[in-house]
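This report concerns only the one structure given below.
Each chain gets a letter, A, B, C, D and E, in the order it is written, and its residues are counted from 1.
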Amino acid sequence: MSLPVQYVWLIPLLPLLAAGIGAVTPRGGVKIASAAAIGAMVLGFFLSCGALATALAHPAAHATANFAWFDLGAGTLRLGWVLDPIAAFMLVMVTFVGALIFIFSTGYMHEDERAKQFFCFLSLFASAMLGVVIANSLLLLFICWELVGLASYLLIGFWFHKPEAAAAAKKAFITTRIGDLGLLLGMLWLYDSTGSLLFYDGGHGVLEPTAVANLNAQLVFGGLALSTVIGLLIFCGAVGKSGQFPLHVWLPDAMEGPTPVSALIHAATMVAAGVFLMARVYPLLTPDALKVIAFTGAITALMGALIAVAQNDIKRILAFSTVSQLGYMMLAIGVGSWVAAIFHLLTHAFFKALLFLGAGSVIHAAHHEQDIRSLGGLRGPMKVTFATFAIGMMALAGVPFLFSGFWSKEAILHAAHGWEVSHLPFYMGLTAVVLTAFYMTRLMAETFFGKARTHASEHAHESPASMTIPLVILAVCAVALSLLAWPSPWLQHILDPKAHAEGGGAGLMVLSIVLVAIGIGSGWAIYGRTTREKATSADPLAARVPGVIAFLGARMKFDELYAATVFQLNAALATAADLLDRYVWDAAVRLLAQIGIFAGLVNRETDEDGLNGGFDATSESLRDTGKAYSRAQTGDAHGYLRTVAIGFVLLVLIVMLGGRR
Amino acid sequence: MILPLVIIALLTIAVAAIAMTLRNLIHSALLLIGSWAGIAAFYFWAGAEFAAFAQVLVYVGAVSMVVLFAVLLTRRSRADLEVAPDAIGRGLGAMLAGGAVLGVLFGAVFATRLDVAPTAAPTASVRAIGQQLMGAHAASLLVVGVILTVALLGAVVIASTDREGGKEDAR
Amino acid sequence: MSVVVVATSASEWTALRVVDSLALVATATDRFLECAPVMLRDAVTGLLPDPWRWIANGLFAIVAIFAVFGLLFAFLTLAERKILGRVQNRPGPNRAPTPTFPFAKFLGKIRTYGLAQPFADGVKALTKEDIVPDGADKVLHFLAPVALLAFATLTLVVIPFGRNLVALQLDAAVLYFFAAGAATELAVFMAGWASRNKYSLLAAMRALAQLISYELPLLLSWVPVVMIAGSLSTVAIVEAQAGWKFGFIPHWHVLTPWGFAGFVIFMVAALAESNRSPFDLPEAESELIAGHLTEYSGFKYAFFFMAEYFGMCALSGMAVTLFLGGWRAPLPFLEFIPSYAWFGAKLLALILGFMWIRATFPRLRIDQLTRFSWKFLVPLALINLGNTVVWALMSGGSPALALARWPVCAAIIVVPFVWLGRAQSASYAPRTYRYAA
Amino acid sequence: MSLSPLQLCLLFSSALFCVGLVGALSRSNTILVLLGVELMLNAANLNFIAFWRFSPSPSPATGVMFVIFSIAVAAAEAAVGLALVIAIYRHQKNIRLQEANRLKG
Amino acid sequence: MLGTGLIQGLAVTAKNLVGSFHDPERYTTVEYPEVKPKLPENYRNFPFLVSETAEDPMGTLRCVACQICEKECPPQCIYIVKSKDKKLDASGKAQLYPATFAIDTSVCMSCQICVEVCPFDAIKMDQEFEIATTDRFHGLLLNREQLAKPNSYYHQIHPTEAAAVDALLVAARKAAEEKAKAAAAAKAAAAAKADVARVSRPVNPAAANTNTGQETRATPATSAPQPPAAPSAEAPKPPPPAA
């Protein structure tokens, strides 16, 4: 089974159709909408497997199918899709994880009366992401990118009757829009300088050596290469979408959406888009740009892990862990190993989806209680959720050998270690490893161990099969995906045959195993050995270092910082603009108006006295004539008909008599 | 050849004339339907079978029903029964106008030299008509279809009663 | 005005007739039964000089149609009563005796198992008092049954009763058929209005509503046949159904998905058009006295009755022609049976089906009746039209495509049928009355 | 003077036209006026057929085509016209054409 | 699916249609003039007079012309003339008999009141319904001869009821006989004592009076052989048997 690139557009089309079906089904048609959505994703998964088979047959080739969209003055705007291993892997991942999340949603959302719209939005979301993946044109990618943003807005704000959800949706939308502005600028600049937006076009694409060399050769301000600037602008988009520092603030708030949405955003679709974008445009990135990316990634990884330590909301912890892991991926790209980034993206997608769905299962079971201090003791009633969640946690924490997260994280650390520019990111990454293991252990200990601390968690019960089956499948995948990297790093070969496989690194592996052990051990020592007694009892760590924890708990005061700086600046600018408008421009306009009125006055005087007399007389007489004629308009149909008949007779007579002559 | 034409023509005109003078509306309508049928007979005589049957189907079958329904739906008021004061004057005027038109038309017909070569009757087989309709006149056919649809909807809208409060036929 | 139509059509008869009976006699001498009717006609009209022969031929056809269908009418009434009886486990009319003749007293009364019933009925109808209501429109009151019967008879003219047995071969015969059929509405209106009885008038209006409603599916249901056969001529349509696939499956239109659907729609609409149960709202003897026939008695009533049966025969005959292969034999080795016998057999089968349906189903309410037409039959007929287009488009290609059109076209018509049927059946559920106990 | 069949047809149609015209002019009942108009329309159709029938080189079915379209449009006209009659009746409780002379109700 | 119900209905009628030809059991009708319908036992129409035997209907009528029915008949369709003489009835007692007994069936409404009031079980409801006639005056006025039908006919049309009536009659006769015997024995004893206690006499007629007329009718049969004693015993009876 293989799917040629010419038909790869079918994969995003299917969920789009499902979204269309969902849009037109009546309100009660949840069954139809969900069946269409899941069916589209499952079918898309099979097609994606076909696409993967096609891509793996020729791993080095970037199979493309391009077509002209419309003529644009000088040139033709062309769009297209590309099918190479990276895209194919992403397709499989997105459809697979997406399908499982959809199935999970049927269980999670079955009580919601707008569930049908939910599936419609989900399908749109997945469709847009698949579009991003297969796009062979920065423009097409941008279109789908914005659709992803739109769908995320709709989904995060799905429960818009909650003010927090509405605010979170708005925040996510606007924050990512800031990044998208950079992406748009970069795209325009790229089109201006190369005349094309296609990635691969038989030697003419922007990612192919000719164009890249051309871009590298052009210098703009400050001695920077043009490609550096464009790359950084595009990176702005990725920063926004992937929640990198400093635009990460929307990501934790996006937890206000339903849990399957969180899972989809964090695992398969939205945040992955940024990393994918950077991996896609990697050939365009110069070492200068990569430095920025690497440091951004490292800072994000460390910051996310630190904040996660002090959070109490189960989903928020996972959200900051996502921020952190995305930082890892960016770090990997920055240090030049985009393969490791993609590998981590794939493994992270599975176990993060697993974790979020597990969290969703917990929340569903505990009657929408999300605070881990109020949970506890769920190990007993929710065995399946516990087991799968534990697998996910271990994968995220990087428990060695058996779990996929270990291998991908190892690959990133290895690449960071080998970076010539600086070792600082490497050390930041190592710190984050410890912290990751620590906070995940805390999460497990608080949620599943100890005893139930509130009424809700006491009465928790296992979720329905439609929720647990995806969990089990994802757990299996979270383990099985380590096969991609072990025993031999064939993913590396397939994705980037040119790169040389670095061997060794056993010492590094031992180091990271030790670090993970430290993290888990300390976490268990603090939270696991003596479990919390009451929901309100103080956090043991906060008791020791209260200031730090409070600062971290407030998410390093980023929101406040932005409120103090960006918003204030914005307000000041707006005030200035208002003043300018009101007193400068308005004054000028009023002056002009006064001049106009005066001219009008003069004009009227001459007009009325001089010119109008004759016209008045003419129109008076015209009106009289009209009145006279209107008397013929009696409304008597007979009269009309009679007149027509007589007129006809007269006409014929005239013609006949005239014809005689 | 000529005799059937004359018979058809005389019958049709007579029936139409009687229809136009009767006071009983139903009789008028029925007689007029007869004259429509006479026109169909003329089409048949001229070899336009299809037009003849279309005439019968549309006029005798459909328009007649609309007319009869209209007559029945417009119950006659007492004022309709008495002769209007201006009826005689209007009748005279009508006769005058009609006579003038008739005279002019007859004059035109007689005065014009129609150079007709007596040809064999042209045939219009259904197949030929169908090909014309679907070929050269396809656009007109579509337009007529649209006109009919719009007219139907318009007629329904015009003739339907304005419902106050909407739901009066709730089951 | 019916007279006018007959006269004009007769005047062009010679030009339009294609049947060359003499040549036929020469070529088909070995099949005497097959051409017996035409030979009989020629034997009679051959006695006349040539210029008069067409008139004689026409008269012969008229006489034959009246004789055959008059007798058929007579015995169909009997058959209907017998069948209704049998369905209700009664023997039906079986004891109308032959009259005792004074000169043949020795014969006594002969039991005819009811075969004399139609004649008894006829005598009864003739001897009943012909009541015309005071204040009725006497002319129209008289004309209504006559016109109805005339129109019903006119439709019989274009049906090919057998090989070369068509009274009037027209290019647009099907159109003619339905044009003449549409005129029956006029007669119904005349009957209702001329009775000067408000119940008659209302019933006539209602009957008109029904007739017009069902005219539409009736017309739409045969359009596919015309599309496939490529002709409006009944003779050509029968010709298009000649032959057998694999030597035993006749090429009848009813044996295709669209044809079957069209046939069913046609028959349902024909039931309504001929005022047959379960669509016999216009008459509804048990509920509405007799609708627009309330003020009719005696032979005028019999005329209406006769027109109903003529209409039934005509519509069944048209159904046979359009869908059931006309006078063609179902299997090749059965062709030795004369064509008119096959036609008659199919016609009788359809009419017996009508009677069977009448014996089975209860009457519909008027709102159900119109809703059934507008919301079920008309959409279905339109879908069937599209279905036929699909069929015709798919038949041009490869054998695989030709095979695939069977399930495709069947699905195109069955799925809407089930769907519309489900949507409709809710409205036929027993009615609940809000204020009933 | 001998009349050709074509002239006879034209006379027929003129006469029918005038009957319709007189009817439409003299009757006060709107339905009858409409019927008169219908009759005039039919008379015009007669001409199409007549000219098609007797023209020296009848192009295939042009006259018939005209008539068919004309009949279709006339059917629409009748439907709308009679619907208007019913609307007028509902409005002023009679269908005298003379009284239907106001644009505003 | 729409249509399945229709097909089921068609199948039912088709079964009837075919079945009616080979399964006569299905028939709900009979060919009437040739085959008489078997009327249900409780069907009643027009009264008739019961006679004991078929051979001599006029001689063995149970009717004693008491005229109760004539008085009770709501539409007054019964006309009775008493006989001048007496005949011996079934139990051998001399009784009056109707010289004329006529019922006008054009007036009779089959209300059955005459049957209910008759003390002698002499008039009963018939099952006759074929009384159509061309003579609407005399044809519908049934006289004694036309009305009389034997008891066996009564048994034939209303078997249960007739058996009950007969049983009652027989029992009543038997009781009357035994009573008469006892009375005779007592009388013999009293006669032997040579008219001692005449005071106790009035008790006996009172007891006889509370019983129905059957007993009183039956008693003379047995007391007939002793005419001299009878007058004194029968004296207080309300309708004197001898006019």
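Rule of thumb we're sticking to: a contact is a pair of C-beta atoms (placed from the backbone, for glycine too) under 8 Å apart; a residue touches a chain by one contact, two chains touch by 3 or more.
Predicted model only: the values in this text are computed from it and were never measured.
Apart from subunit B, which is left out here, the chains connect through touching into these groups: A, D | C, E. The chains touching subunit C as well as subunit D are B. Chain-level centrality, scored on Cα centres against the all-protein Cα centre, points to C. The greatest centre-to-centre gap from subunit B, using C-alpha centroids, is found for E.
Across the two interfaces under comparison, B-C and C-E, the one joined by more C-beta contacts turns out to be B-C.
Ranked by separation of Cα centres from subunit C, the top chain is A. Separating the centre of subunit C from that of subunit E, both taken as means of CA atoms, is a distance of 63 Å. Here the spacing of subunit D and subunit E, counted between their Cα centres, is 87 Å. Centre to centre, using the average C-alpha position, subunit A and subunit D are separated by 69 Å.
Of all residues in subunit D, those touching 2 or more other chains are 21, 25, 98, listed in ascending order.
Shared contact sites, meaning residues of subunit B that touch two or more other chains, fall at 8, 50, 54, 62, 69, 90, 93-94, 97-98, 101, 105.
Looking at subunit A, residues 638, 642, 645 sit in touch with two or more other chains.
Of all possible chain pairings, those that touch are A-B, A-D, B-C, B-D, C-E.
Those residues of subunit C that touch subunit B in the shared complex are 1-2, 4-5, 7-9, 11-12, 137, 140, 170-172, 175-176, 178-180, 182-183, 185-186, 189-190, 193, 201, 205, 208, 212, 215, 230-233.
Against subunit D, in their complex, subunit B makes its touches with residues 1-2, 5-6, 8-9, 12-13, 16-17, 19-20, 25, 28-29, 32, 35-36, 39, 42-43, 46-48, 50-51, 54-55, 58-59, 62-63, 66-67, 69-71, 73-74, 76-77, 79-80, 84, 86-87, 90-91, 93-95, 97-99, 101-102, 105-106, 109-110, 114-119, 121-122, 124, 128-129, 132-133, 137, 140, 144, 147-148, 150-152, 154-156, 158-159, 161. Here subunit A touches subunit D in the complex through residues 634-638, 641-642, 645, going by the rule given at the top.
Per the touch definition, subunit C reaches subunit E in the complex via residues 83, 86-91, 95, 356-357, 359-361, 417-418, 420-422, 424-425. Touching subunit C in their complex are the following residues of subunit E: 1-3, 6, 9-10, 12-14, 16-17, 19-21, 26-29, 31.
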